[in-house]
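Naming follows writing order (A, B and C), and every chain is counted from residue 1.
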Amino acid sequence: MTSHRVSRGASYAALIFMTLVSLLPLMWVLNSSVRTEADIDAHPLGVTWPPHWSNYREAWTQARFSSYFLNSVVVAVATVGVVLLCTIPAAYAIAVVRVRYSRAVFYVILLGLMIPVWSIVIPLFYEMRSLGLINTRSGAVLIEAAVGLPFAVFMLRAALRDLPRDVVEAAVIDGAGHLRMLRSVVVPLCMPTIKALIVFEFMWSWNELVVPLFFLQTDSVRTLPIGLSFFQGRFGADPAIVAAGTSMAVLPVLAVYLALNRQFIDGITAGASK
Amino acid sequence: MRNAANRLHLPGPARPAAALTALVVAGILALAGCVSGQGSSGTSAPTGGPQPGDSAHLTVLSQLGDNPALQPVLNRLNAAYMKSHPKTKVTIQYLTLDELTKTVPSTLASGSGPDVIDYDANESTIGSLANAHLLVPLDTYANSYGWHAKLTPSTVTRLTYDGHLYGVGRSSEGVGLFYNADLFRRLGIAAPTSYAAMIAAAQQLKSHGVIPFAFGDKDQWPSSHLIGAAIHSMVPVNTIKAVETLAGHGRWTDPAIVSAIATAAGWVKDGYVTPDFNGVSFAQAEGEFYTGKAGMFVEGTGVVPDLEANMAHVDVRFLPFPMKDPSAKQQMEGGLGGAWAITTASNAPAVAADWINFVHFSPEAQRAWLAAGVLPTTSTSSTPSGLSALIKDSLQVTQAAQADGGVGFWTGYASSPLVTDAWNSGAQVVLSGQQSAAAFANNLQDALDQARSGGK
Amino acid sequence: MTTVVQWNRSEAHAPPTGATTPARRARGALWGGRAGYFLLPAIALYGAFMVWPIGQTIWLSFTNWDGITGSPTWHGLDNYRRLVGDARFLHALEHNLEWVVGSWLAQGLGLLVAALLSAQWIRGRTFFRTVIFIPATMSLVVVGIVWDQIYDPNRGLLNTGLDGMGLHRLDHGWLADQHTAMPAVIATANWTYYGFAMVIFLGGLQSIDRSLYEAAAIDGCGPIRQFWYVAIPGLRNQITLLLLVSFINTLRTFDLVYVMTNGGPGRSTEVAAYYIYSLAFVTQQVGYGASVAVALTVVVLVVTVLFLRLREREA
């Protein structure tokens, strides 16, 4: 019995340790974000009281945070939209209708999962320039959507493949056209997968560095990660202000994650079992 | 039974195939090469577009991200310009030099860059942009505003490529030796006026637990100032020039240069610089000097404004970085600290030129910059009164070096991005003692050879 | 990402063609039709922003170009000849490999946590799972900035924490030293990896039939042996998946290096993607940068195929 208790105790200890490892860096940054540079230098692990909120004001005004933030939202939402608009019909054609050559198309798209973004960035830079899409949010959206497309096609195809055939056939016999089929059969039945995709594609776009680094080079269109990477250079000397900026970038994502954490977990689990 | 097939059976299957074929064809056509560089090729200044006072919106990219103390100065001048030109709006964006060099070439190549950039005045930076026709030649504006007569001859020379002026030097800069005179007095250390005195001071500071030289090389360029100081202290400027220019025939493997690099690495080995310097940013190193954790700082006069702002109550002095051979003429690393240039992406180059003329040449601008500690690029007859001791020091030291042994180059950053790339990583390794000075010099020379053979 | 693991198998499961069941006929009716159009948006997007640029990269890899002036000029195989003897590229790939191997630690941690969390008596499962997954949701730029501060020699959490525990002797300039910089960056990456592995393994463990454990218990296996003989074989798919995903992602990794070290000190943390970036956008060797990008892509594809082959043979 005691050995039982010991092993349970050890298990909890290990879990609590991992919890601390996961949280401490964030707690430390949050704490630093309301301190002053002098305090941090004197007592790196201490607490400043009362909290020094002005770091946030400084970070917000100096770093154009509001504009970066807005750009990130616009790009991420549009990317999710484009991905879904392109992949839901495609997955339907591939997995339900099975139009000719769809399997070839599917495999070619799948290859995209393995392509490093670096093998497309160089010429894309010049392509976007000649299309006039450089330094526009739509340009970044198109690239990010293309990069995110293979995963979405794969997930949706897997979900549709599991669709009971008799449901499809019943709808066909009912005289449903493709559009009605999509609207009233495919989309409702794939909703869990679609929700998971929304979460993933949004998160990827929100966190993307390379695409905006090259394709959004003016301050008016920059997204949060780029803004932050510059932010670090700009305030490198003052850890408190860097911490405030970082916290502002982390908190919204954290909130979304905590609110939707079921979708995250289910999405990953579903993706892995396919 | 109404079958979906009756309605839908048409030429369907061929469609995706056709689309795929079209794509493949498009891909092959693309392979034939539709990628090309910036098409514009003008070498004469465009005079069209909005004129000063017209409605225009300028974007300015400034490298004062590294000098927070100067941002308010430029902001005030800009506000004054917009007030006297109500139809013109000018947005300034501040980046650090590191961020700027990482993004400017591709931003400009993207064809939608800013109107005005404040970029480094080297062959490898402004020079390469000028050669790529990404910058507007300024000759027409220089003539109408009389810039040639106002700028010092060496400023004009450093910014002239293929016979055209491409930039307006924003500041004169030279690398020298800052020291915390209060701290030196308190510890009873003599001023580092000679090389021997400087080394003696370093030893004494170290024995008192003070870092002799504040130094952080995480950003990679500060090594150019530390090792560059050693090179300019030990190698004649003409030899340096032969190495730091693409047209020259000098070699990094010149024994004098190798020995200077080894000397700088020796300071590190003797424990004279900030520990773990490869993990310390420039801003942090600067902070160590502000707070008296370090007693000396080998840096360019460009940091004077920051020192003024952060060490108002400390007696900071500036000396020429001493020549290792006391009988040699005093030389100095440096040149220009950034230059204003107009990009070919600008729709309003005439307005941009007018803005540059105001923020750099107007009497109020000249006053404001000098008072903030920025050394002028215009020929000044006399030193105005009311300047702080530190600003006076830096002005006098730089002018004296100019007249004596000469102001050299920004070490490793002058000739080509290839050399700079080799410098950035190599200097970290050679200073940490993990590579010999000779091996480092060899790598730099390889990069220079590649650049000189046109394989940039 | 998961795809790759699966696609060969799904093909094997495709229904035999030519069977004229009623279902087949119904589908035959739909077969083709205007549904072909439904593929067009995806094909257009993918073709324009993936296929086309890949073709272009391949073409550029045979040229010499600075990316700014004029047009690329044909250079034949020169770039590839240079690549073969390019120690810097091999060095960068080595760092990628270290990263791959280093990331196995995170997979192991994820497995351990998942195993603990799937014990029936555990309380607060959702809490632990939610919190431990948090690092995996964060942008690598943010993670890089945070950990850069943590590794700060003087005021970083790591050194000051060590000091606080009386371990001054372990203080170190983690990112300043060529020998510790790469492990420090990999540790940072691992911080974002283990949560993902945990969730995948949790899903796998939940689908293992409880009765298998019971059978093992009856055979006298303790919890550890039960885990070894029942859980591990049951997690085969998840393990392959994670190994493959981490491999692909690690080979193309860039963000942390860009934010934390610029590839330094020296080139001690330079990875392949950073080298490509530096060639194409810093030193303006676009043609050669393209050839390195092609080489990297080929490496990823070849290893993926080998990996899947190996796995199939084992199965």
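The working rule: contacts are C-beta pairs under 8 Å (C-beta built on N, C-alpha and C of every residue); 3 or more make two chains touch, one makes a residue touch a chain.
Everything quoted here is computed from the prediction, not taken from an experiment.
Taken as a contact graph, with one node per protein chain and an edge wherever two chains touch, the assembly is complete, since every chain touches every other chain. The most distant chain from chain A, with centres taken as the mean of CA atoms, is B. More C-beta pairs touch across one of A-B and A-C than the other; that pair is A-C.
Centre-to-centre separation between chain A and chain B, using Cα means, comes to 36 Å. Distance between chain centres (mean CA atoms), chain A to chain C: 15 Å.
The set of chain A residues touching two or more other chains comprises 41, 93, 99-100, 102, 105, 123, 126-127, 172-173, 178, 214. Shared contact sites, meaning residues of chain B that touch two or more other chains, fall at 3-4, 8, 12-13, 16, 20, 35-36, 106, 109, 284.
Contacts with at least two other chains are made by residues 29-36, 39, 43, 51-52, 56, 60, 67, 152, 154, 281 of chain C. Looking at the complex, you find that chain C touches chain B at residues 28-37, 39-40, 43-44, 47, 51-52, 55-56, 58-60, 64-72, 151-154, 172-178, 262-267, 270, 278, 281-285. For chain A in complex with chain C, the residues that touch the partner chain are 7-8, 11, 14-15, 18-19, 21-26, 28-29, 32, 40-41, 44-45, 82, 85-87, 89-90, 92-94, 96-100, 102-103, 105, 107-124, 126-127, 142-143, 145-147, 149-151, 153-154, 158, 161, 165, 169, 172-173, 178, 203, 206-207, 209-210, 214, 224-226, 228-229, 232, 239, 242-243, 246, 249-250, 253-254, 257-258, 261, 264-265, 268-269, 271-274. Those residues of chain A that touch chain B in the shared complex are 41, 93, 99-102, 104-105, 123, 125-130, 134-135, 172-173, 175-178, 214, 217-219, 230, 233-234, 236-237. Taken in their complex, chain B has these residues touching chain C: 3-5, 8-10, 12-16, 19-20, 23, 26-28, 30-31, 33, 35-38, 101-102, 105-106, 108-109, 128, 131-134, 218, 220, 275-280, 284, 417-418, 421, 424-426, 428-429, 432, 434-435, 455-456. For chain B in complex with chain A, the touching residues are 1-4, 7-8, 12-13, 16-17, 20, 34-36, 59, 65, 68, 93-96, 98-99, 103, 106-107, 109-114, 219, 281-284, 286-287, 291.
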